[in-house]
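A quick write-up on the structure given underneath.
Labels run A, B, C, D, E and F following the written order; every chain starts at residue 1.
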Amino acid sequence: MVNEAALLAARHDKEKISMAEFEDAKDKILMGVERKSLLISEDEKKLIAYHECGHVLVGKSLPGMDPIHKVTIIPRGMALGLTQALPIDERRTYSKTYCMNQLAFMLGGRAAEKLVLGDLSTGAGNDIEKATKLARKMVCEWGMSDRLGPLTYGEKQEEIFLGREIGMHRDYSEATAREIDEEIKRIVDESKNRAESIVKRNLVKLKRLAQTLLDKEILSGEEIDNILKNDRQKKDRKSSK
Amino acid sequence: MVNEAALLAARHDKEKISMAEFEDAKDKILMGVERKSLLISEDEKKLIAYHECGHVLVGKSLPGMDPIHKVTIIPRGMALGLTQALPIDERRTYSKTYCMNQLAFMLGGRAAEKLVLGDLSTGAGNDIEKATKLARKMVCEWGMSDRLGPLTYGEKQEEIFLGREIGMHRDYSEATAREIDEEIKRIVDESKNRAESIVKRNLVKLKRLAQTLLDKEILSGEEIDNILKNDRQKKDRKSSK
Amino acid sequence: MVNEAALLAARHDKEKISMAEFEDAKDKILMGVERKSLLISEDEKKLIAYHECGHVLVGKSLPGMDPIHKVTIIPRGMALGLTQALPIDERRTYSKTYCMNQLAFMLGGRAAEKLVLGDLSTGAGNDIEKATKLARKMVCEWGMSDRLGPLTYGEKQEEIFLGREIGMHRDYSEATAREIDEEIKRIVDESKNRAESIVKRNLVKLKRLAQTLLDKEILSGEEIDNILKNDRQKKDRKSSK
Amino acid sequence: MVNEAALLAARHDKEKISMAEFEDAKDKILMGVERKSLLISEDEKKLIAYHECGHVLVGKSLPGMDPIHKVTIIPRGMALGLTQALPIDERRTYSKTYCMNQLAFMLGGRAAEKLVLGDLSTGAGNDIEKATKLARKMVCEWGMSDRLGPLTYGEKQEEIFLGREIGMHRDYSEATAREIDEEIKRIVDESKNRAESIVKRNLVKLKRLAQTLLDKEILSGEEIDNILKNDRQKKDRKSSK
Amino acid sequence: MVNEAALLAARHDKEKISMAEFEDAKDKILMGVERKSLLISEDEKKLIAYHECGHVLVGKSLPGMDPIHKVTIIPRGMALGLTQALPIDERRTYSKTYCMNQLAFMLGGRAAEKLVLGDLSTGAGNDIEKATKLARKMVCEWGMSDRLGPLTYGEKQEEIFLGREIGMHRDYSEATAREIDEEIKRIVDESKNRAESIVKRNLVKLKRLAQTLLDKEILSGEEIDNILKNDRQKKDRKSSK
Amino acid sequence: MVNEAALLAARHDKEKISMAEFEDAKDKILMGVERKSLLISEDEKKLIAYHECGHVLVGKSLPGMDPIHKVTIIPRGMALGLTQALPIDERRTYSKTYCMNQLAFMLGGRAAEKLVLGDLSTGAGNDIEKATKLARKMVCEWGMSDRLGPLTYGEKQEEIFLGREIGMHRDYSEATAREIDEEIKRIVDESKNRAESIVKRNLVKLKRLAQTLLDKEILSGEEIDNILKNDRQKKDRKSSK
């Protein structure tokens, strides 16, 4: 990353590598190059902004979440927008509680689309995929479902051809497969409901956040905190009148 | 495309590349070379004309659809006819509403065949395939079915042999597979009914459109608009008598 | 084909290529070389004659069928007999009505064996296979079953190894598979009944046709028409007495 | 075969090739070299003799069967005994009646073991396999089951790797698979019952045949006919007393 | 084997090859080299001795079994102990009765562990595997189950890749698969009960056998016969008092 | 291992190889190199300590277990902590009782997490996998389930491609697969309950053990014994007051 930052500084004719270069280098590695040339309609920008702010709102509302580092609607690589949450320390084990909060966070964008714009979009496809995978691991690898108990379901398949892993091999019955389906769906549905109820309770905050994001295209963690705080202060002032 | 247009202009001994060359070049790239030599019976031509005008009619009747650019019954490549709808701006995310309208549009050709000619034909096979795929994605990738919720069903299979993707790998139970089947069928059936009811309500327009298309073999978006407008004016005049 | 006809003319020491050479050349390409050396018992010849005339009879009895060009019991390539129907014009789309008539035509041979000889034979295996494939396509690719609707069932599998298509990949549930089975069986059974009822109503014609075919070994479309007409005239004369 | 017969004659220092050499040559090609060195216990010889004579008896009792050419208990190649039935003329189509008789013939050996020795043996494994395959073809390829109708079940799989056919690919539902299983079992069970009832009615003949075969180790078609005739004459004489 | 015996004689500085060398050579080929260095705890030795004597006891109690040649608890290759039964003559066909007795013999070791030591062990895994395979062949290949009849279930799969057989390919329905499972389980359970009841009735004999085997580590067929005879004589003497 | 110990001694500039070097060498081979550089938060350390002490407690509470050699929370290779149990003598056969105790031991870590910290974590994933595999072997390979009996379920698949074993091939029906699932789950659930009840009864001991482990990061078998003894003495003193 230092290397990448040095390259960026060189390209900008700077003599020192400032924090800005480091920030850019990190983004480039994590998210791909900014695609400023890409033309996006106002409608689609609004959709993306609400989607990202849905993530932010749920991420700020649940305890023990990784802090939101920044949110942006500048397209990078394949992503049209991004909410970036960075962990404070490196963990290697995650609790069931942490996993459940992550699921709500992942589904926060879709909840915002649905409640503010009254429609669903294909943009939530990636969040849905990640949520389904996480819920599946909770049930099938980590024994976090009371119904299915502390058992592993499915066997990691060895890399048979040319050194590739093919995925999980099913080693259980149809009836068990159905129980796993129901349990994964129950967990994801519960998380969807949590995300939607958080968004519903914070519609004013969401709109202010999304409006600011549409103006500035990028918000740091600090800026997000200020917007949410102001919002609270105004609310406090209003209610104190 | 500019290259292709230049080639066409050269072949036609023109000194400048006109819009006609550009139009031809675009068609050639999108749809293959015109096959004027292909002999088609009058019966089959009529079938194709009604099929294409069924698409046009549904496309013009639903809000938020991409504008119809042109419709033709001149065979090109594998297609015997074509209705071309071009989006105004490039979108990257699509709403559930947009998807539902697309499905009705896709099934508009079959609806016209069934209602005007009283028979089904193999010609709708391709539309049916596209509609089924879209409905499957809505249910299995984009979480657009309330019944199945915001989950991904099936896992994209890695390219195991020689760098090819094999398709989706089923990671759910038989009972869930059945729910997915029912949901996809419900969505397509609903779209079929919408398409048929639009065609039924506009039989006069459909016949005028198809008749003109049989005469001219190709209609631009503007011409289509004029035919539909005239139709409306006549209707207005009639009812005002 | 012209090439093939020229070769045949050369072999027969002719200076011009007559229609006979063309007819032979076409047969050779479509059906393989005549195998006059093959010894066939009288019993088997009778079976083959009735089988082929069953096809002819159904083909002549249904509207919109391609005209019967010729019928023969001279073995060619793998086939022991052949009924050849040639389309008047090249079509690229086929109606549901046309498909249903084709199915009855395919099962006409088996119907004749069953009703005249009172036994079934392995000789109908190929007809059965073609009928099953056509009925499957009607249900699974062309949306011609009301029960299963305008959906595609199964996904054409990409050519994974060495550029070969493997066939259809099943992307639906067991319960749907059962519905498809029932629908295909219903369509084929209906066609079998149509074929059998046509044969039953025309037993006299069938016997006259088969007897003439056993004598001449090959009948042209014109000869077939004459036999069927005579049959009718005799009947008319009889009833006018 | 002539070649093989010439070699045998040369080996036996004969100047002409007699019918004996031809007979041996045919057997060698069809059944492998005689294995006189193989030691077989008296118990096992008796089992084999009754098994083979069970085939002979059923083969002689049903109409339209290919004539029994010879029966032997001299081991050849993998087979410990053999009943050879040779068709009179080459057929290319087989009737359902012929197939049903073949099934009873195949199960005649097992019926004899069961009724005379009161036990089953592994020796019937090969007959069972052939009977199951034939019954499957009757149901799945030749449309000879009323219940399953004139449809093909299963699709011959193309040779995917290295030019080999892999067998049938299942293209039907579980419920249909069950119907096929039941129909194949019904046909084989019916044939088993026919074979057993023929053996039961002819126990005296069977014992005489088997006894003679144990003595001579090989019986020609003519010898078989004589034994069965004598049996009948004695019976006639007895009943005429 | 003669070669191997000669080598052993040479290694032991003998001038002639005695029966001892032949015996050792046969064991080496059949069972691998003795592993005298392997340290086994007294507990485990006791388990192995009772397991092997369980086999011996059942083998001596059933009619028509191959004679027990020797039993040993000296580890050889992968096996920790071994009961060796050698057939008197080479058979190529086996009766159902013989198969049923073999199954009880295979499960004799487990029966002894369970009844004497009151626990099961992983040591019976290999016997269980062999018994399951034999029972499956009886049902699926040799038609020895009345319920499933004289049919073959499953098709031997051709060697697709690199000349290897992959095993059986399933060509029947789920419902039939369940019937096969139930029938295989019924046969094995019946054999387990036979083995356990034989062991229960002969506990005194079993303990004497096992004790002698623990002392001598190897017993010949003759020694086994003497121990069982003595046991009977004592019993006779006791009961005659 | 001696080699590895010699290398370690050389690296530490020692002239002799002490027991410490041997201990380190053994750990390196069994568990990978110590990763002292890895930073772990206090929260995560506490989780790991309780998890490992859960294993220790269950391992010390059940009869016939291999003695605990040491427990550590110093990360090594992929493992964040480790409880090491070394067998006294090498066994080759294991009893059902031993297997059941192993299962409880494996689930002891998860039980401690759940009861002390009130949450589950991903850290138990590996234990769960091992427990499921062991329970599956008990049911499917070693005949240790009364319900499923002394049968093998599944067939080890031959190494088809490039000499790799692919795992078990399913050769039984869905209904049997469901019985196997239920039986494996019953065995694991029973073991989970045993582990949890042991932890519940020994919460005071567990906390003392975990606290000491957090301080020292590594405890030998002897140190563990002392802590558990002291605990008992204190308890005894308290109750004697």
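Just so it is clear, a residue touches a chain if its C-beta (ideal position, glycine included) is under 8 Å from a C-beta of that chain, and two chains touch if they have at least 3 such contacts.
Since the structure is predicted, the reported quantities are computational estimates derived from the model, not experimental observations.
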Could you run down the chains that neighbour chain B and chain E together? none
On C-alpha atoms only, rotate chain B onto chain C and read off the angle in steps of 5 degrees. 60
Shared numbers divided by all numbers used: is that above or below half for chain A and chain B, i.e. same or different? different
Could you work out how far the Cα centre of chain A sits from that of chain E, in whole Å? 61
In angstrom, rounded to a whole number, how far apart do the mean CA points of chain C and chain D lie? 36
Gap in Å, rounded to a whole number, between the CA centres of chain D and chain A: 71
Got the chain E residues that touch at least 2 other chains? 161, 174
Based on the touch definition given at the start, go ahead and assign the chain network to line, ring, star, complete or other. ring
When the ring is traversed from chain A toward chain F, the order is A, F, E, D, C, B
What residues on chain B touch chain C, complex-wise? 39-41, 44, 47-48, 80, 107, 110, 119-125, 127-129, 131-133, 135-136, 161-162, 164-168, 174, 177-178, 180-181, 184-185, 188-189, 192
Report the residues of chain A in contact with chain F in the complex, numbered from low to high. 89-97, 99, 141-144, 148-152, 155, 157-158, 160-161, 169, 171-176
